[in-house]
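Each of the two complexes below includes subunit A, the first together with subunit B, the second together with subunit C.
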Partner chain A sequence: MTSNLAMFVFIAWRNIWRYPIRSLLTVFALAGGLIIVILYSVLLEGMTRQMVTYATDMSTGHLQLHRRAFIDDQDLYATLPWSYLNAAETALPAASVAPRLYAAGLASAQASSTGVLIKAVDAAREPRATRLLDSVRSGTAELGPASDSTDGLPRANVVVGTQLAKNLKLQVDSELILVTQAADGSIGNGLFRVAAILKPVDTAFDRTGVLMSIDTYQSLMSLDSGFHELAVKTPDAENLGTGQALLQQTLERLAREQPLDELGGAAVVRNWREINPTISDMLKLSQSMVVVIGFIVVSLASLGMLNTMLMAVHERTHEFGILLAIGMKSRWLMVMVLIESFLLALISAAIGAALGTWLGRYLQTHGIDFSGTMPDGYDWAGMSFEPVMRGYLDPGHVVNACLIMTLVAMLSSLLPSWRTVRLKPAEVMR
Partner chain B sequence: MTLLTLTGICKNFIQGEIQVRALKDINLEVDEGEFAALVGPSGSGKTTLLNIIGGLDAPSSGEAHLNGTDITRLKEAQLSDFRLFQLGFIFQAYNLVPVLSALENVELIMVLQGRPAAERRARAEHYLDLVGLGNVMQRRPSALSGGQQQRVAVARALACGPRLVLADEPTANLDSENASALLDIMYKLSREQKTTFIFSTHDPRVMERAERLIKLRDGRIESDEVVAQPGHAALA
Partner chain C sequence: MKRDWAAADVAATGGKLLKLALLPLCLLAPVTAVALEVDELIRHMDKLWRGNTSAAVMTMTVNTRRYQRTMTMEAWSRGKDYSLVVVRKPIKDKDVATLKVEENIWNYLPKINRVTKIPASMMSGSWMGSHFTNDDLVKESTFEDDYASSITFEGERGGQAIYEITAIPNPDAAVVWGKVIINFEQTSLAPLQALYFDEEGLLVRTMTFDQAREIDGRLTPMRMRLQPEDKPEESTTIIYEKIDFDVPLEASFFSLQNLKRRR
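== the complex of A and B ==
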């Protein structure tokens, strides 16, 4: 049987090169389909990873800590005590944590005004946990007190989103008035200096976000009992379960030692997938999409294989009849045709994988640069992306694409190979 | 000793709405080592009879025993093995595998038989030498003349050690010189190997050299005669 198989492989290989142009066209069609699938997977994986990176590095972090009422209703009073910040740092010494506070307000500048989301961050801790303050388009991301206004009024620095700056015609050094309802029921208001304008990092924050220091926030909002959110960046982004469980245990211990008021609800730890289910779903969807699109593209390319093998079997019907007559079993003929298809698929897979990997690496290293036409990047499905679309080459995807292509190519050659089984030597030689 | 016995072989075809009786009650015995020719005009049933003897086609009725085995009762897979181990075929149109060299073509059947590599290589080279192709055995069929291709087919048919070689119009595509040379080789080998040959032919050159002429007409055996002095008897 081994000897037979070796002979069949030998004959199949020679038969492939019997009509080299036809075989090469088939190989190019299959390899081309494979390259398209690999590049599609590279770009989709790159976008997905960029999406995840944006979601975690830019603002969300890997884990977040809130009280239940804040998650459900953005309850201003649902704060966590400052002692929780120290406890979290002690529980996860390798992680970086950043406390945040939020409020809704009305921003006015010159003749325009709009609703804004006020976000207070710790200027020292935030850069260790996220890249939010690094994403500056113009100005310097200084938070805290600023020089007095020309009228001698005290001011504090704020950083605003790109679209908000456009809407309110703000530039660096522009003045901004914020009005809000403070925690004590009073009207909180203040005059602020725009210290920096951020690059687009998140479509919602881009339109409405105003960043300030925690001290400034506490002064504006009359709220110093704690913080609303704790963003945590862990060293191992792939394995968040351990850190999440450890933090949850710490919270439960703290809840026993320092019970929280009932109105704000319990403290809850969530990972970025739970916080951004859309992104998490898109991750899963993108993986399914690679398989579906890959299957469609490769199936179309495999029509070439079907055609080639049907032609090959049709042209060699008489030859097959001779082989049957001299004692070859029809199932061996079928195996020989299948080997021929397999070899074609194998050559196509080798060429497609090599070229696809090379192009994929290029996309991973250099990406596709849209900065000339879209300097601020682009939005897709509500997400912001950098102007350079970078791919990510996952060797597993290349292997899967090769396997899908080989499988589909083999399936498409079942019909031609099955035809050999039905050949009757006396009839085909007549 | 009788090698082949045909008893009451009939073969009917349906052509359109008409039933054609290609063979009618054929009864025949062929002994081991015979060099026999089935002769007759086109449509007389030669190829059909050869196909039935070779297990390529089934008779409508009757029995065909080769070396004690009733071919007509064998299943498809058994027929393949029967053809592989008991028969050698030589076809009119050479019918070599075009992507294999002369040597590989001869080896192919022995690969299917499961013979060891060294043995099949030695046998293939030996038989190609016997048919005078020792110097071109690495050439593919496209680089061989018609006569040379048919000699490769003879070597292929004999190298697998068959009891019976069936040759369907083996000289039909050859010129006189090549046909004569091929017949000499086949006859010589049949004598040396003690292999039985049955030809179908309407080529007088073949008929002259056959030891037995079985004449078919309209699907029946018209005559069956042993030739006293075949044309190449001197070679024996």
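== the complex of A and C ==
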């Protein structure tokens, strides 16, 4: 049995090279399809990884902590007391946490003004949790007191989003006026100096974001009861459940020890998938897209395989007839044809995987550079992407693509191999 | 974060909203008995708190779930297009000033010694943490063009003889209300209540008028209270402490220079 099989593999191998050009064309069609599938998955994986990076490292973090009323309608008063910050740090010693405060305001510079989102961050903690303060396009991301204005009024530093800077014609060192409704109902107002302009973060922040220090925020907004948001970066990004559960337990204990006021609602921990359901959905969608597109491409390439094997079976009808006449079992003929197809698929998989991996690695290191036409990168689904589109090669995807290709190729060779079974020796030898 | 500051002319806010509510038909309405009545009411309303020019001192008390604050303000107006309000108390907001000229609103902020203009996108924001919006001030000037008013009830209701006026926005008017209803007391023609409805016909807020005092032969309510329907525990109340009409005020008084100077 095994020796039979070895013999058939040998015969099948010899058969393939009876018409080398035809076989090679088939191999190239299949390998080409495989390369396309691999590159497609490399680019898509690169994009989704960039998306996840933006969704987490850029400003969201892996976990976030808010009051319910802040999640529902950005209630300015829905703050968590500062003691929660220390409690979170104690509960998750390996994680980095960053407190934030938010407010809506009106920013004016020279002649123009626009609504902005004021975001206060802790300059010491924020860089440990996110890259928000690192992605500076111009200036230095310093927060805190700045030099006095020309008429001798005190100013504080702010960092602004890229589109906001463009809309208000702001440069580093420009003066910015912020007016807002403070927590006590008075008009909060202040003079600010633009210390830095950020690179694109996300479309909303780019257009309206103004970053300041927590001290500056507290004096502008007359609000020092606590913070609105705690961003947590955990060391284990894949396994957020444990950290989330731990934090939730800590919150429940704190809520018993020092109850929060009722208006703001309970404290809520959410992971980035819950915070950005669109991204999370998109990730799932892109996985199934790879499978669907891959299946289509490989199926088209397999038509070549179908054609080749039909031809091979057709022109060997006479030969098969003799084999059957001298006692060969027809099912062994079928096995032989299947082995031929399998060998073709295997060669294609080897070539396709090798070339695909090589090209994929190139895309991973060099990427596709659009910075000539889009120096600021591009927006997609509310997220900003870098102008260089970088792939990510996942070996698992290459293996999967090879498996899909082999499977489809084998399916397409079922038809020609089935034909051999139905051959009648008396008819075909005539 | 649906909160903005705004700077606005509170003097005008309370009363003028209403005055304006009534003006639309003056020019266009056919000369019928009812039209004349509406016309009269509108003119009456328009004069109540404003006259040709006015100077007033008032206090505004804002009650919210989170804070309560009281401010004393001085206000001047000329026609319906010009008004200036300067905060006198509390100390924290002293000298914060608001200028309204036609559909534009500017704030002067003494702490930073700057004048800022309220952009169109901020018009729906609250003024000084009150339940009035910037839009309330601006829309006042265009109320006559934006709404068509008619008397929809005449008779006794709640033990008082009243006129009820319903103002419906014109199809092309850029306004936030779907309908405004104003009730007047029949003999004195003092306004009693104004109801603001959204486009679905739901009541959004109610303004009530009381403490009427006779000024220049007209019974003028000295207190108005704005009550948002969705937050029954919140309200903004404006009380006129003093109001003088026909004081000499030139248009140049309502300038950006004067906004900064007027402290």
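The working rule: the second predicted complex is superposed on the first by the 430 of 430 C-alpha atoms of A that agree within 3 Å, B and C clash if a C-alpha of one lies under 4 Å from a C-alpha of the other, contacts with A are read in each partner's own complex, and residues count from 1 in each chain.
Just so it is clear, a residue touches a chain if its C-beta (ideal position, glycine included) is under 8 Å from a C-beta of that chain, and two chains touch if they have at least 3 such contacts.
On a predicted model such as this, the values are computed, not experimentally measured, just so you know.
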Which superposed partner A:Ile177 touches (first subunit B, second subunit C, both, neither): second
Partner chain(s) touched by A:Ser288 [first = subunit B, second = subunit C, both, neither]: neither
In the superposition, subunit B vs subunit C on subunit A residues touched: C
Residues of subunit A contacting subunit B in one complex and subunit C in the other: none
Complex interface listing, subunit A residues touching subunit B: 3-4, 7, 11, 14-15, 18, 318-319, 322-330, 332, 425-426, 429
Complex interface listing, subunit A residues touching subunit C: 73-74, 76-77, 102-106, 108, 113-115, 117, 151, 153, 177, 179-181, 183-191, 263
Contact set on subunit C toward subunit A in their complex: 1-5, 7, 62, 64-67, 69, 92-93, 96, 107, 109, 111-114, 116-119, 121-122, 125-126, 128-129
Interfacial residue positions of subunit B with respect to subunit A in the complex: 51, 54, 56-57, 76-77, 80-81, 83-85, 87, 89, 91, 95, 97-100, 108-109, 111-114, 117, 156, 160
